[in-house]
Amino acid sequence: MPQLLDETAKGVYIIAATPFADDGGLDLESAERMTDFYLECGVSGMTILGVMGEAPKLSAQESADFVSRVLARVKGRVPVIVGASSAGNRNLGAFVKKVMDMGAAGVMVAPIAGLKNEEQIEGYYDAVVREIGSTPIVLQDYPQLTNVHMSVSVINRMLAKHDSIKVLKHEDVPGLRKLSKVRAADSDGSRKRRISIMVGNSALHLPQEMRRGADGANTGFAYPEMLVEAVNLCLEGKFDAAEDLYDVYLPIVRHEQQPALGLAVRKEVLRRRGVIKSAHVRAPGYAMDAAEHKELDELMARLERKLAEIGRATKPFKG
Amino acid sequence: MPQLLDETAKGVYIIAATPFADDGGLDLESAERMTDFYLECGVSGMTILGVMGEAPKLSAQESADFVSRVLARVKGRVPVIVGASSAGNRNLGAFVKKVMDMGAAGVMVAPIAGLKNEEQIEGYYDAVVREIGSTPIVLQDYPQLTNVHMSVSVINRMLAKHDSIKVLKHEDVPGLRKLSKVRAADSDGSRKRRISIMVGNSALHLPQEMRRGADGANTGFAYPEMLVEAVNLCLEGKFDAAEDLYDVYLPIVRHEQQPALGLAVRKEVLRRRGVIKSAHVRAPGYAMDAAEHKELDELMARLERKLAEIGRATKPFKG
Amino acid sequence: MPQLLDETAKGVYIIAATPFADDGGLDLESAERMTDFYLECGVSGMTILGVMGEAPKLSAQESADFVSRVLARVKGRVPVIVGASSAGNRNLGAFVKKVMDMGAAGVMVAPIAGLKNEEQIEGYYDAVVREIGSTPIVLQDYPQLTNVHMSVSVINRMLAKHDSIKVLKHEDVPGLRKLSKVRAADSDGSRKRRISIMVGNSALHLPQEMRRGADGANTGFAYPEMLVEAVNLCLEGKFDAAEDLYDVYLPIVRHEQQPALGLAVRKEVLRRRGVIKSAHVRAPGYAMDAAEHKELDELMARLERKLAEIGRATKPFKG
Amino acid sequence: MPQLLDETAKGVYIIAATPFADDGGLDLESAERMTDFYLECGVSGMTILGVMGEAPKLSAQESADFVSRVLARVKGRVPVIVGASSAGNRNLGAFVKKVMDMGAAGVMVAPIAGLKNEEQIEGYYDAVVREIGSTPIVLQDYPQLTNVHMSVSVINRMLAKHDSIKVLKHEDVPGLRKLSKVRAADSDGSRKRRISIMVGNSALHLPQEMRRGADGANTGFAYPEMLVEAVNLCLEGKFDAAEDLYDVYLPIVRHEQQPALGLAVRKEVLRRRGVIKSAHVRAPGYAMDAAEHKELDELMARLERKLAEIGRATKPFKG
């Protein structure tokens, strides 16, 4: 019986890519290698079929196959969250039931496009919770992508109303003050439980967010070992050591955080590191050109040089 | 001493155009004729320098001159609201002080662009009220233009907090249910006063809005005499008669309601009716072409035919 | 062998609703009655699974069942266009192949969200055409919904490049001048063929659009018989007679054109007319309340009164 | 006679803040110190009243006073560009005339909000050029702020048509490929002149942009000495040395790049460095709280530690 996601979630919940072959077909073998890689990096959980997982470009069958294969590979060692955002609640409900039956630990739900004010946002999550009952939810607050904007108040109201929302995936920008305010409600008596806050937004502000009380990272940086080490250092209170390490990777974090191009870069780094066979992004999607490959060569070479200066190196994944 | 705007506002508060000469210069003579025209049509108030008044295209001096000339012409016969939306609160405050000193009855304030959630919206109006004290405010809820979205809750919170907000200019779409909900708070004990709700959005849903409890129209249709008659009939409870009249004009209401083109059409109708000398819209703005003039010819001719069928006619303004 | 859509398309291509039972299940029996109704109204074609068809809220199986049942009922009497917009081109391609194999006459493709400039728009349609070959396409230009903005130039460039784009579904606002400009390119030598332009946007500007050269309507107004009669009158050059008729229905056209509420109203009118069993809209979606039902009662009663004045009446559908 | 901006512009054109006193009044004394500071840092030019200069929050008189004082202080040593974006072309024209008469070297013009397609964008700049004649223009391409999206094609068409556009301020995201494409048109025969490309977007991708052929930076980072040194190294072809230096500051570049908060941080760093007296941002604007001050303390302390590791330090400005 797999463990369900709860409010104690912390560490790195890696946002997994969905590997395709060069011809665009789903590459389940790479999915298994990628799963091994993430586990070897020490992640505390995995989130599959998120935004960066190209979920809306999969067929229903492909989604099911991918979820099934990843879950089988993970074998319950870490919780697996499945992205379940959907244009219709009925489809969402059916999909959630399916993946929870398969052994997922919870689902991530971003607000659908077109929610324009806070009554609409609240009404939307009320309906989602009615649809999926007590299934644990990661609430994704990613306005740059969804164009749905939640204030701290509406987030706190929803957390108060729906016990099944266990984790806030925080990726608003600017977001540091917002994170602190949501965190504050855990201890000022206004909320009965302490929720988990995991940060996304490509980890661009990870050290500052951890200092402000985040519980970990829920993003897909292609060097997850750094995320794991930095987050663990922060959880031990060693913020400066964490930031020293993080800053070495910041040039690539910053590069990967670019919309559209970012996913292509992320997959290409995983490919170069021996994790997945092809960096193919399904259309419509970004395909790197020669200049972008060269740029990435330089950034990766610089990373190795900077790591060498502190007696470290990245290592390709052996599988 | 001019009367200040309060919650009893009702009838038609016409949104006035700002007349320019063909060369783009401010035409204060036409402004006076236009003022006479609106008063002759029986409006209960005027709103100048609103969105349709091309306010951001005027220089500070032109704004002052225009406000001053209109106020002098009105001579206190009806309240004059001045649009005061501004990118900076300090400028807003200085402008509000100036026009209130001149004799304006209140100001209309739309939320600035970029307010993304309800805490930000509330914070913005808190700051505006701090800046302008007890000056009566028309709160403009026009998300199609501002891209700022207010739920009923945030509107009601702001009405509860700020007594100086006297009128809601309602122009959200779809907006009928929203109007009813704001209205309901007047009588269900949750608000201590009944506020005024005037409808905008080019009066496209005026009859339905009046049936739901609006107090009048705050828009700039180029046949204000119809708005006045229809709103008065509604205020007497003669909704069907009002709608019969309104529907005759609906084809032009619908035509004028188009963004960008609408202002050009509105000014051209006013010009044709003898109200203003030129239909010039300042750049960047829409300039009607021959096909659009012909289209308007047809729509205006159809209006006269339909009016003739019920024994009526529009009359050019003699001034 | 069903006829494929081509540039001669004209008349009314009705945008069909997707009927659900009160419990949200797909109601294929109502789908058949609705098909009969549309055909009885004299439509020249049908578009199913468009925006108003709640396509993204159907499961893959439901979509296939619905398409199949409608096609079987139509029996080739009119062309059936299937909405095929999709977040991924591979899914889009597979779906298009399936529905064309079933007997669809063509597909409607709106630009995906997030296309921000004209190179991206052009690149998107290039990729779609590569994916679906010579399948006839209705290009949907509906920026209010998609937030993708096409100038006349980019539309004309795509029409020049892709012969398979047969119809422009025109629903930009303001759009009249745009329609004329696209039309002009048919005859000024810059395009080798005359394309079909069908208007959407709930037919809010239908008479003006037909006068400017549109070939018909591609929208879902719940009184299709009016659309058919008005469009036919226009195609015979009897524009004033068409507009006289249209204007009687304009209050309801205007009411139905409201976003979100509009679909609920449209389905409710179809239900009241005996066409579909339930007006259910799948969540997330608008559910009419008592005030909205009363409002619709009044508008429908007014329509009958106005029709009676010209010796007409709507008739419930007998099936 | 001041030199006008031309296509040879390179180096750092600093985006200047507008200093206010704690009570919100314009602080012209700080403006002079800030000017001295920028010049001492070695900037090649200054851009005042840009987005970060809070231009729309100044009164007309304040704008004129500020421009005048800065120009007087600069005494022609470097070109000064003035932000001239305006809602109306007539106001824009009058303002441009005024500042050019005062001795500005050119103006920066961002597209007004609401330009939705490329015909509209092109039409807008056509009108601006008609209004201001041959005044040298910096074309600002900052879609994250303006929500106006330009493809490479429309940028190149405008550069071909308007010789007075001398500089592209490039700040689209992702933007690296776009920069290369605009650059390519300088040498592939499609454009008769090589234009200047300066990068904005808070310099978040400066090293990559310089490697791709940018001529410099046009942003307001609060350690301009780093921008100057890094850009100069790049212009000498020493890209790796430049990036080594840049990366030390990247944590703060990344922190400052946050919308809204960024300006407050930038002003606070300038205040701490002794450049301006107050970090006041005019309302509506971001005011840093205690947590944000502490966060900045830590980031600035880390910067000094990292600089010390390479035998460097920042130095407060003595004025």
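Which chain is which? They are A, B, C and D, in the order written, and residues in each are numbered from 1.
Keep in mind that, in the parts below, a contact is a pair of C-beta atoms (placed from the backbone, for glycine too) under 8 Å apart; a residue touches a chain by one contact, two chains touch by 3 or more.
Note that the structure is a prediction, hence the values are computed from the model and not measured.
Enquirer: Same or different for subunit B and subunit C, where same means more than half of the interface numbers show up on both copies?
Expert: Mostly the same residues.
Enquirer: Among all other chains, pick the one whose mean CA position is farthest from the mean CA position of subunit A.
Expert: B
Enquirer: Is the C-beta contact count larger for B-D or for C-D?
Expert: Of B-D and C-D, more C-beta pairs in contact link B-D.
Enquirer: Roughly how far is subunit B from subunit C, centre to centre by C-alpha average, rounded to an integer in Å?
Expert: Going by mean C-alpha positions, subunit B sits 34 Å from subunit C.
Enquirer: Centroid from C-alpha atoms only, then distance subunit B to subunit D, rounded to Å. What do you get?
Expert: So the centre of subunit B lies 38 Å away from the centre of subunit D.
Enquirer: Just the number, please: Cα centre separation of subunit C and subunit D in whole Å.
Expert: 47
Enquirer: Where in subunit B do residues touch two or more of the other chains?
Expert: Nothing qualifies.
Enquirer: Would you tell me which residues of subunit C are touching subunit D in their complex?
Expert: Per the touch definition, subunit C meets subunit D at residues 116-120, 143, 149-154.
Enquirer: Mind pulling up the subunit C residues that touch subunit B in the complex?
Expert: On the subunit C side, the touching residues are 173-174, 176-177, 180, 204-205, 208, 211-212, 240, 243, 247, 250-251, 254-255, 258-262, 286, 289, 291-292, 295, 298, 302, 306.
Enquirer: For the complex, give me every residue of subunit B touching subunit D.
Expert: 24, 54, 56-60, 87-91, 94, 112-113, 123-124, 127, 131, 282-284
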